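Common to both upcoming complexes is chain A, partnered first by chain B, then by chain C.
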Partner chain A sequence: MSPFPVDRRTLLGAGALAFAVPLTGAAAQFRGDGVFWSPNTSSYPTAVDLKANYQFFTSDEAAFVEAAALRMIPADPTGPSALEAGVPLFLDRQLAGDYGKGTRLYMRGPFGKGTDTQGYQAKWPPAGFHRAAIKAIGDHLGQGGGAPFHKRAEADQDAFLKDLSGGKVDLGSDVDGKAYFKLLLQNVMEGYFSDPIYGGNRNLAAWKMIGFSGARYDQRPYVLAYNKPYPLPPVGIGGRPAWTAKG
Partner chain B sequence: MSPARRALPLVGLVGLAAILVARPLPSGAQPPPGATVTPGALQTAPATPEDPQVAQGRYLAVVGDCEGCHDRPGGTPYAGGLPLRTPFGTIYSANLTQDRETGIGAWTADDFWNAMHKGVRRDGAKLYPAFPYPYFTHITRAESDALYAYFRTIAPVSYRPPANKLPFPLNLRFMVGFWNALYFKVDDHPSTGPSPGRHIVEGLGHCGACHTPKTFLGGDKNDHALEGGQLDNWAAPAINSDVRRGLGSWSSAEIAEYLKTGRNARANASASMADVVRYSTSLMNDADLAAIGDDLRGRPSHAGPVNTSLKPDPKLMARGEAIYVDECATCHAVDGKAQPGLFPPLPGAGVTQSTDPTTVIRFILSGTQTVATNARPTPFAMPSFGWKLTDDEVAAVATYVRNSWGNVAPAVGPSEVGKLRGKVGKPIQKPSARV
Partner chain C sequence: MAIRNPPVDAVMIGFGWTGAIMAQELTDAGLNVLAIERGDWRDTPTDFSPAYAQDELRYYWRHELFQRLNHDTLTIRNNAGQTALPMRQLGSFLLGSGVGGAGVHWNGQVWRFLPSDLKARSHNLQRYGKAAVPDDMTIQDFGVSYDDLEPWYDKFEYLCGVSGKAGNLKGAIQAGGDPFEGPRSREYPNPPLEMPYALTLFGQAATSLGRHPFPHPAANASRAYTNPLGVTLGPCTYCGFCEKYACGDYSKASAQTTILPVLMRKKSFTLRTNCEVLKINMSADGKTATGVTYLDEKGQEVEQPAEMVFLSAYILHNVRLLLLSGIGKPYDPNTGEGIVGKNYAYQITSSVNVFFNDKILNPFVGAGALGMITNDFNGDNFDHAGLGFIGGGYVGILQTGARPIETHATPDGVPTWGLAWKKAIARDYLKTTTIATHGAVMAHRGNYLDLDPTYKDVYGRPLLRMTFDYTDNEHRMSDYLTDRAAEYGKAMGGREIKTNYRKGSWDVVPYQTTHNTGGAIMGDNPRDSFTNKYLQSWDVPNLFVLGATAFPQNPGYNPTGTVAALAYHAADAIKRQYLKAPHQPMVQA
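Now for the complex of A and B:
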């Protein structure tokens, strides 16, 4: 039996009738009384505890990611390094969560090499790709007793990353080195510019650097204030120091 | 609602609406399953011309907001069972349907009059003043009889509300006699004139049940009528001529618009007032609403002037401003003027400047939703900020909105916020290291 007590014929007939009768009575039936709302309910992000340990990375993996991120975004006069901004912690939580697990990706084969315009093609979700690629890089650099990436000189590290990005490092048949470099750079930038509530962009430094005002929604008072500096400092989802400043 | 019903295509919903239009429901009947029937729909479009006395009673039941209390979520209108949380315990509203065992089917018009006029049940026991007979005593016998005639048309529903949860000795009904001696006076000469607005406000409308401050025994402080009260962790604002805290700056037309549509350019009805608008004032006629506006605007305030020389700590205000600009200005705008008619302006608002900050704090902590009416069908909502703002931060921003743009009101302390959070809010979800 149908779970609904009106059969199809009645329903269609009534639907036709609805267009035939004045809709004033029906309009009242579409009032938003049933719009869901309940107090104390918010869809808020899970905040990263900056003092907690890595959840995803092993110590070897963390050593590689920290060193590589530091070469991608070193400290300079415009802003802090990726390490100072907390990028590895962001990456760790990103890979431990839904992003890392690829919950929104189609992850059944076949897995081909793909073209540049075809997006993510790895056979692992992002967390698995990082894990496999970091291991492959370790194996590659360790051949013949070579030092691991994080123990090498900066120039050496830069040269390796450059080769990796140019597709010149052979990491075996499983791991596409160029694709991994692209993913790592992407994730490092995400951590550097993300909201601080996720562990990166510590002290809102990256947003201060580029003059981004952060999680604000109403810029109308400033839109027409031509040639005047924008007055508001950046704010994260979790706030900014002025909220708690006692002095 | 079952997934199958949720998945109904739009044509199905339109079809059901058409069925509802084509076949008006007899009064008191249940809508077909799956249909959305707005409150008030049961009060309209009777199948046959109605007895004028029943029609009057139907309207008076709206004025008295009977359904607001005598219905429970998921229940049948007028079958009762809604828990009313008083400071003294929980009282469940009675079944007003015509069931002879559990409702008032066996009551005579005299029985009904005695309940309304004297607060006495058919069996002679005293009703608890959660039933607002101290107000209803002002209705006339003709009005009582009309209400009685209307309730005679409500189909019987066999439902016995749960037993009241009152501590000894309040669970003994004769104790109400002592309360009545202190706070209740039977109106020996009820009359609809000379002010129809006052007749509603002090009678069936029972506005003071929420808006008049109470003694420690829950009786009205009549020398402070309509100056704002507190119940169930809400502060009902003043609704008198007080310019800052009340309706002194509203016109009668604005009051009527608010009551009819749930909104005007100054305020949105939400929380407990949403139910009042939904079941009662939005369904009242314009003349009565204007009369209520006239009466409220004329009510004096004895709360004393606001001390405008009190200035909150500038550091607290600076923190409050930072939070306001970052979070609240999204809808309420940097200058507080918001989007009148959509989001309520804060400058000059009575709720904002209420001496008792409970409602301001609660809106920030828990959020709120405005009522949907036929005139304003979209229910806007303010989100909850309790998950991200500490008690300190809520206190700072509440103090800021209460003392900016010309507003003046006592500063809010973090302990007030913490207490309210413990009762009606949720713990903070703030990250350990935020920025």
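Now for the complex of A and C:
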């Protein structure tokens, strides 16, 4: 007898939840028929719609994210800024989808603050965390009639982000400002450097800036090409910018 | 009312490397084997297609190939004085799920432990005396020797088609290989991968310092290779999406690319996917495992009788299922009594970035185990007298592919964002390489696994709780390795280096390694271990616990080679000995 029997009531509800996630659709039993394969079942990623408006962010939220992302990766001749790369749209689509909803995260309580080494402990999945943190930042900066983040001078914005990253901004008991900065910076980097199919890294410009070759498959000719520039332009999963409709 | 299935000879709980190896061996011996895997069926053309396999966001950062923590996770804390909180998001280690397990998204780094690693307690006591092993350092010998395992290391290397250069053939040191390794019975099945620029520069620097660099042994095939089962792997294309990704080219060894094409054709083998084992069922006297109870893909409870039960899931799940099934005595860190959950260990890593002005390294050209390595400071390959620690690790460069969300190192003094960051990364990305250190973690009285008192999984069962931190031994050792890495970095002659020591407590956030070990350790007596050298439970002789669960502590090498060798070693003993006298212990207590 197990000391920890499964809770049948929990199980019934949980079972529905657990098995609502898409399975392969394959038979669950395999016996003696060789390696299973079903045609036309591979899971190509879905390209985001670059033309539609924000789906997740409100206009206030978008204003903050656009301004903060631009300070994290500013405009200059070196390469694209976060805005030129489409980072806010990338993040909007991510937060509107499974990532934002935290479908793969453990989101059961109780919630505690934890130590830095215990990692993500926000009581919301990433979408809710962004929403709550952006509101808390707005409230914090608006005290005494202060200007919102996106209307402040660049130096002022930089100073605020630096304080946020250093844990020096008190955003109330629910929102850990330092944890939010880490999340935002991570998401900005994801949007800047991920495959363009997700809406960021527009025209592969961030990859061109650093020299990353992208979604290439056979690099054998270049292993022994010591100190030689890589001869090919980057490609994404969806091909090259020239192949896509003008956005 | 639970459904009751017809009995099977052996049931595998989990279907990654160890489940596939054991199922292949036992079906060869004529047994009827069932493997129960809670994740999905996965195979190369359907799930790892080269049309979209090179997707850093989807596979690494959005965790598509990894365990869904919404289903279950574990709780974590650095010491017993803290309240453990759930690992809500993956970070430090990347748990697998689905057919092939974490062996789908591994790097393919195949190592053998040193002969002395397998005798960590007796060897260190003998060489350095009692003071070198403090009372709280609960290290033990494995109870199995290098010579016992050599044929099975060899068998796994030939199964995978490992690419490498032997450094010790039957005691004769070979130029170009690792002179510190234990003796091999024969050369690797494939020659080393080709070494890109950064690795060649590292090799020259290490040689100039009097060290012994050699190509990392890689389960990334350097050429087309047909293994002894008749399964063929294709040559690695150095695409740079190996670690944290699945291979679309049949080049990285996994259960899918080495065993399943044969195993899946056997009528004596059945695989059930999307079925989760809830517990191991026991006889009333607690001396026999009678089978398992699992939930099938429709959520129905099924009782599966079996003559032999194999825990072949990841180590954390193996330990949790023992605890949830009430098997064995849980470890108590206050008294040191109990065995299940004891001697949990991990790995300690650090790095040194080397920045060049004039050398284009194209770091995105890579493979999971494409490396140039030195073992001069691993295990007991160097004199530890006066150093204040035991154990060691390898130091070298692994060019796994510089996917840019993950890999954009900047020099000291450059912030992690803003214009200065952008200019630095644009200047340095192609001209930067990273020397890694990969160090041992010794067992410690306060590092252990048990069940969490608060947090539950999707079925309402307690999560596993991990209590773990590095001790002074690990920090001293890692700092020592990091200083050696910095020497290499300087000798490589770049513009500058940046030294990243591993400071402070173990942190769940940054990825380090998926090398969790211990919790149902092996040994030479039932007082100090859960299994004998054949991974057979001392108390329940028809229950076997495979995987790194058995490691009494974690040496400075990646675990998979030893995990597989132990599984083959166990399978051989089962075939030769156990099946002639079922339900009997193969080693007398």
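The definition used in the following text is that the second predicted complex is superposed on the first by the 198 of 247 C-alpha atoms of A that agree within 3 Å, B and C clash if a C-alpha of one lies under 4 Å from a C-alpha of the other, contacts with A are read in each partner's own complex, and residues count from 1 in each chain.
Heads up, the rule we're going with is that contacts are C-beta pairs under 8 Å (C-beta built on N, C-alpha and C of every residue); 3 or more make two chains touch, one makes a residue touch a chain.
Since the structure is predicted, the reported quantities are computational estimates derived from the model, not experimental observations.
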* Touching A:203 in the superposition: chain B (first), chain C (second), both, neither? -> first
* Touching A:180, do we find chain B (first), chain C (second), both, or neither? -> neither
* To do: Report for A:64: first if it touches chain B alone, second if chain C alone, otherwise both or neither.
  => neither
* What's your read, chain B or chain C touching more residues of chain A? -> C
* Asked: Which holds for A:237: it touches chain B only (first), chain C only (second), both, or neither?
  -> both
* **Which of chain B and chain C A:34 touches, first, second, both or neither** => both
* Quick one: classify A:51 as touching chain B (first), chain C (second), both or neither. => first
* Asked: Which of the two partners, first being chain B and second being chain C, lies in contact with A:149: first, second, both, or neither?
  -> neither
* Asked: Of the partners chain B and chain C, which touch A:120 in the superposed model: first, second, both, neither?
  -> second
* To do: Return first, second, both or neither, reflecting whether A:78 touches chain B, chain C, both chains, or no partner chain.
  => second
* Of all the chain A residues, which ones make contact with chain B and with chain C? -> 3-4, 6, 10-12, 14-15, 17-19, 21, 26, 28-35, 37, 41-42, 44, 215-218, 220, 237
* Contact residues on chain A for chain B in the complex? -> 3-6, 10-15, 17-19, 21, 25-26, 28-35, 37, 39-42, 44, 47-51, 196-197, 202-204, 215-218, 220-221, 232, 235-247
* Structure fact -> In the complex, the residues of chain C that touch chain A are 40-41, 43, 45-47, 49-52, 54-58, 61-63, 68-73, 76-78, 82-83, 85-89, 91, 194-197, 200, 235, 237-240, 248-249, 256, 260-261, 264-267, 269-275, 278-279, 295-299, 301, 324-326, 358-360, 362, 364-366, 402, 404-405, 408, 416-419, 421-423, 425-426, 429-430, 451, 454-456, 458-462, 504-509
* Asked: Contact residues on chain B for chain A in the complex?
  -> 2, 4-5, 8, 11-12, 14-22, 32-39, 41, 45, 278, 315, 318-319, 322-323, 325-326, 329-331, 333-335, 365-369, 372-374, 377-379, 381, 383-388, 390, 392-393, 396, 424-426, 429-435
* To do: Going by the contact rule at the top, pick out the chain A residues touching chain C in the complex.
  => 1-4, 6-7, 10-12, 14-19, 21, 23-24, 26, 28-38, 41-45, 71-74, 76, 78-79, 98-99, 102-108, 110, 112, 114-121, 158, 161, 185, 188-190, 193-195, 198, 206-207, 209-220, 222-230, 237
